[in-house]
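Pasting the structures here.
Note that subunit A is present in both complexes that follow, paired respectively with subunit B and with subunit C.
Let's turn to the complex of A and B:
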């Protein structure tokens, strides 16, 4: 079996520019991390769900990510009863279990259920957002977007990130092959004919990867690093150390925060300078051009606006995003219609995607249009 | 092979039955009796050195320490977001406003302030609790301590002053044994034993006590200062159908009972109560201290509605026993209070004298942010000696203590609040939410339809 770096079937088709997807990811992740309000989370879940469903037909990677989405649903179904059984707080008492039962004994309250629901929802929403992003932008594109100074680390990270979806695809292929041979998967014992080929495939793939990387000169240690490289390494080490010292000092000696913040700023600037100087030496060529279409402009502007609104809300009026059902607070979440509208706008990339025929045309056009910018 | 599947199922079922049966047995075995009740002491020391100490009664064999705190009536903020119990973020004014701030917002880095939690050991020392407030079961006779302050997560952190259970929860008998409360937080262990063999203890009223500034390390004096009581009614004369406001503010007492003629009732030291009597009536406040008690009475004159707005001929009768009708501006409706040493300016003779006006020293110090504008000027926090104030939520002293009804009345009121209702603005928001969610679902359906 040959090593394929790219997920098969997702070669030359572009939905949006990867930068557009990055802006969408930022705009969708911000509210998922900033609020626990179940109403906002539900809207966000629906919006990213629409986008995910629109992408699903285009990318086989989406199919492998659907397993994670299912995992998120299971977690949500688990979070509500488990929180309700363990956190016996609140005023909306639904029923009572005997006090003598360990852990689960006591009043079962609506607040605990609501809190479990909001926790599960935020987890599921985050999973769905990242599933959507990963279906839209494969790791090859992500690697291309890494800044030059992170080139080597970017390659390694891209390979690592590609591991899970590749394994899922391989498992699917092996499963299909075994089914054709008449094997049926019923219990745990029937999974052995699935796991053995998966393991050997994974090993084979790893060896092939190592060989191909070695052939390309990766991991090759020069006999003596140049003086400039030594300087860069030493500078990186010193800056990182200063950064760590500053972080430690700012939390443990709050009286001298200005000193530690200054140290951290200087270290960060030094790191950026070193990275920039290192990046100057890396030359890259582009194989294919990425197109920036009108939809990209529209989606980027709107998603950027949503992210800005959320950040401003969080900085200026944080209490509107907060949700905490337990007393002395109200278990009923507040809902700001404008904020909800902003979150619903995150479904836009899914709605503005061109239809299937159009996408096929575009694919043909783009394939005949190789160019090196 | 379906036979394999059928062959497995009964074993699963059997295991399930065994597990469920064991669980039920466990539940039956540990099931406690609900008849027993109990009392537990609670000592809370705040950041400025003031203290809340009291006795909380409960109707079960055990109670979680968190419930004990809630039943004390103190304002709490707890963080339940980790499941399996809550973390105490704030008690009254000290601590962190949890959802806006981190629960341990003042414990980041070396400068760490938090609510340290202790149990009183039988030998009279505090033990730093190894579990959280929700996980600890309080039994009858326990004393729980909370202290706000710098701690290093262990035994050497800030500790509350030591009170024994007998000091906090004296038996409601007619002949209480004198149990002096140690006046300094750093009391030596020898003071914790009840000095039963001190019959010569004299109770000198507080104005005569010389205000010698006792250094904090001095051994506590066995003298018990009489309580400072402010009990007032406003207005003293009403037309039938109107209501009056009764306020009391008691410091330095072990227990306070309120009697409106219908029966005695244990209350906390500071309260404001509205009553609407239909006829002239007097209200009595019985203040119990170790070894003595005082009765304070105020009366309300109720006029007939037909009577004109003539001023009443008789001023409200004041019993010579003890009535302190204070100007209302001196009453501070705060939850906790400190008692400061008396100043030498007050030279009134014995017995509950009317409290001086707010300008001199002995007054109830403002503590929390809820202090109204009419509060007395804030006293410097470096007052040489602060006597702890003991509040008690005690059962009413009734003769038929054995009956079931009395046992019911003994229970401290559980802080139960009704769940807040939905506001109209919220309903409007929910309508918008439903609309937006429906629109998104429609968009999803469109996307699915286009896919085909």
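Let's turn to the complex of A and C:
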């Protein structure tokens, strides 16, 4: 009987296209960063929670993130009392601690509690959003989506991602081998027997890898004519300079804002153009086996819409999103049903997740496979 | 397809050329097997074929070379990459990205092939090498044989006309090596791909080769010819060929099938089933075992251990006596290495126990009954530092422990670690054949020498019990024979040896007892001759040839001949 050793947690099934997930990430992080309003944050937390849980059912990678989410819950539980005990501002006095107690002495207010709650909520929400994104998208694959002009950098990053676990294993082997020879760690000098084998192993691997990459045609970039290359470099430099001037101008001369924003926009466009033109010179393709499904279109459009609405609201009517419980503002958060609905829509990826039943079926089958003695 | 024309190549800073006035031609669709001792230039020759030599390494080049109509010296490795697929020895070190499918696409991406073509070719090679079920897997979770097949697939996507492999199976266990060699044979026979490979395990591959090229090393002429003709002239031969040569079998058999004809002729009379003079008389053997049983060196009881959620050991019971030579065999992942690490305290039992009982007598007189003040060390309550005074462990990868500038310093480091006074290392180094390397940088030694250097670095502390993990990886026949002799001498001096290995020939040559493991349990535990002669997987070549428990090694057969059994 053949036995295939399956490592659970390493197979990424495609849920949505990575681009869809990127749009969702953008749409979800925006409100988490822009507002402190506990009502909106709670809604957002629920929406991303639904998505995360839908993923967790099918992707074992999500489980490894549950530790981070738990950490977020602990932080939230910690933030409320610690803020209440230290910030003694506000009119809603719940009770008083003796003034003679250092730091925590004084009035304990409802405003301080609410502020702690909203800070904790925004932290937890951000953690949950990133946990969801990371469980849904394989970072190494995401790296490979780098645009052509950054191809080399993408490959280098991908090598690093694959190299680190190998070196961890090597380090463990070396530590055990030296231990058997009576090596004990007493001071810096004792680092040498551990470090040298690791270094040489790493170098030998690197040489083998370089050979293997050369033999498979890596690095074969036809160089653009050198005059054009010089032009690109000069262009990049000028654009970066303009970008820096714009940033400097916008913060030091607020009156001339239009000018500096215009400068920054022009510089950004210039950079993109140069990158694009350089990318055209790279003769390389990318292999991807991702599908754009109908759900992707739906989710991307809706999430993109949510992001747009939020951004527009933040630019046009910033006070709708603002929440600050301490006087002179009201401690009771404002709630706009339309905005609430927009945030609730961010649960869409979780609700529309394709093939959830099928994944559950497969998982049940796997478990029955394992249980056979 | 391949044409070397009077090529001379010297590495930078080397006085002697590796290839001297070398000429060779290989036709399309042929399989050329390159053999020779370590350091004879096998890797160099293979690296010429895609221009890694001299482009990657530098050095002086003279002569002409043509591979599939191109000159690797002019166009370089990148220019050759669509014609010559190159696979390295170490399956770990040649992967660029982290998942199988991405790795297969890497070379095609470099060539800018359009997406539909890439899809098609990925699917094709996945099927060709039987790895379609691995497509989504990260490479770090694959077994050695799977990794090497992925590495081959990754160069095949460009449809090369020549496939070059540098000892592709030397880091693999027999099962995985078989997988890779079967895949290679299919590619050569079904697709007509020209294959050039170097290899130590001749017994598996020599029958598929069209030509054999023997590189003897610096200063001597290479021999190229039909496999049987070349093997008749060289020292490095598998047991079957060695036996055939000694007994003058003509034509020289390369497979068990061919050899059986001669074997049958040797024993025209029906083989007696009673044990003959070659094995010890039962009475003496039992007496010996009785003495040993009274002094166990390592006692493993009900041992269980798991890594995260994978159960590696499921209730192992094993007693190893002083002065025994035990081989632990079994599939990859059956728990062999885990058991070995338990015996030196690097891992601690989850349930059950491991006890080490040092022999307080000097190791040369181990047959005396142990004295009453013998103290057992329970690994659960003893630190590794106390255990390693009695137990030496040589890990699979010698690179994990070699770090010093010279071999002498390496040994001094172990002595210091064990708080031993400086002493004379020469007898040990002489026994291991390393005397001339004592002032060399250990990492510059060849694979086999490094292995022995690691052995020396551990054994200098004179442990009573020696644990070895896969000591023969990447060794050629001669180096293996030298290692077997050394280990036998250690046992004769009263040391206890426990060796994890896949190498059936080595086990047949030196072990007294074989323990077979499967799925974290001991499945078989018995005397070597008994275990190995009644197994399909663990039978030696000579044993398969004669199907007789009396014969495991070439020496057994020759001895029987001298005693007049045939």
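Convention: the second predicted complex is superposed on the first by the 202 of 373 C-alpha atoms of A that agree within 3 Å, B and C clash if a C-alpha of one lies under 4 Å from a C-alpha of the other, contacts with A are read in each partner's own complex, and residues count from 1 in each chain.
FYI, contacts are C-beta pairs under 8 Å (C-beta built on N, C-alpha and C of every residue); 3 or more make two chains touch, one makes a residue touch a chain.
Just so it is clear, the model here is predicted, and its values are computed rather than measured.
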A:305 in the overlay: touching subunit B, subunit C, both, or neither? Say first, second, both or neither. neither
Please indicate which partner A:209 is in contact with in the superposed arrangement: first for subunit B, second for subunit C, both, or neither. second
Applying the document's definition of touch, where does A:262 land relative to subunit B and subunit C: first, second, both, or neither? neither
First (subunit B), second (subunit C), both or neither touched by A:279: neither
Looking at the overlay, what does A:161 touch: subunit B (first), subunit C (second), both, or neither? second
Between subunit B (first) and subunit C (second), which does A:326 come into contact with in this model arrangement: first, second, both, or neither? first
With the two structures laid over each other on chain A, which partner does A:252 touch: subunit B (first), subunit C (second), both, or neither? first
Touch test for A:193: subunit B only (first), subunit C only (second), both, or neither? second
Pick one for A:147: touches subunit B only (first), subunit C only (second), both, or neither. neither
Using the superposition on A, tell me which residues of subunit A are in contact with subunit B and, in the other complex, with subunit C. none
Within the complex, which stretch of subunit B touches subunit A? 26-27, 30-32, 60, 77-78, 80-81, 83-86, 98-100, 108-111, 416-420, 422, 426, 429-430, 432-433, 436-437, 439-441, 443-444, 446-448, 450-451
Listed in rising order, the residues of subunit A that touch subunit B in the complex are 39, 42-43, 46-47, 49-50, 53-54, 56-57, 82-83, 86-87, 89-92, 98-103, 110, 112, 115, 251-254, 318-319, 322-324, 326-332, 334-337, 340-341, 344, 347, 350-351, 355-356
Looking at the complex, which residues from subunit C come into contact with subunit A? 47, 50, 52, 55-56, 77-78, 80-82, 84-86, 88, 90, 92-99, 101-102, 105-115, 118-119, 122, 133, 136-141, 143, 154-155, 158, 333, 341, 344, 346, 384-385, 388, 392-393, 395, 397, 399-404, 413-414, 416-419, 443, 457-458, 461
Parts of subunit A lying in touch with subunit C, wherever the complex brings them together: 4-5, 7, 10-12, 138, 140-141, 144, 155, 158-159, 161-162, 165-166, 170, 173-174, 176-184, 192-193, 196-197, 200-201, 204-205, 208-220, 283-289
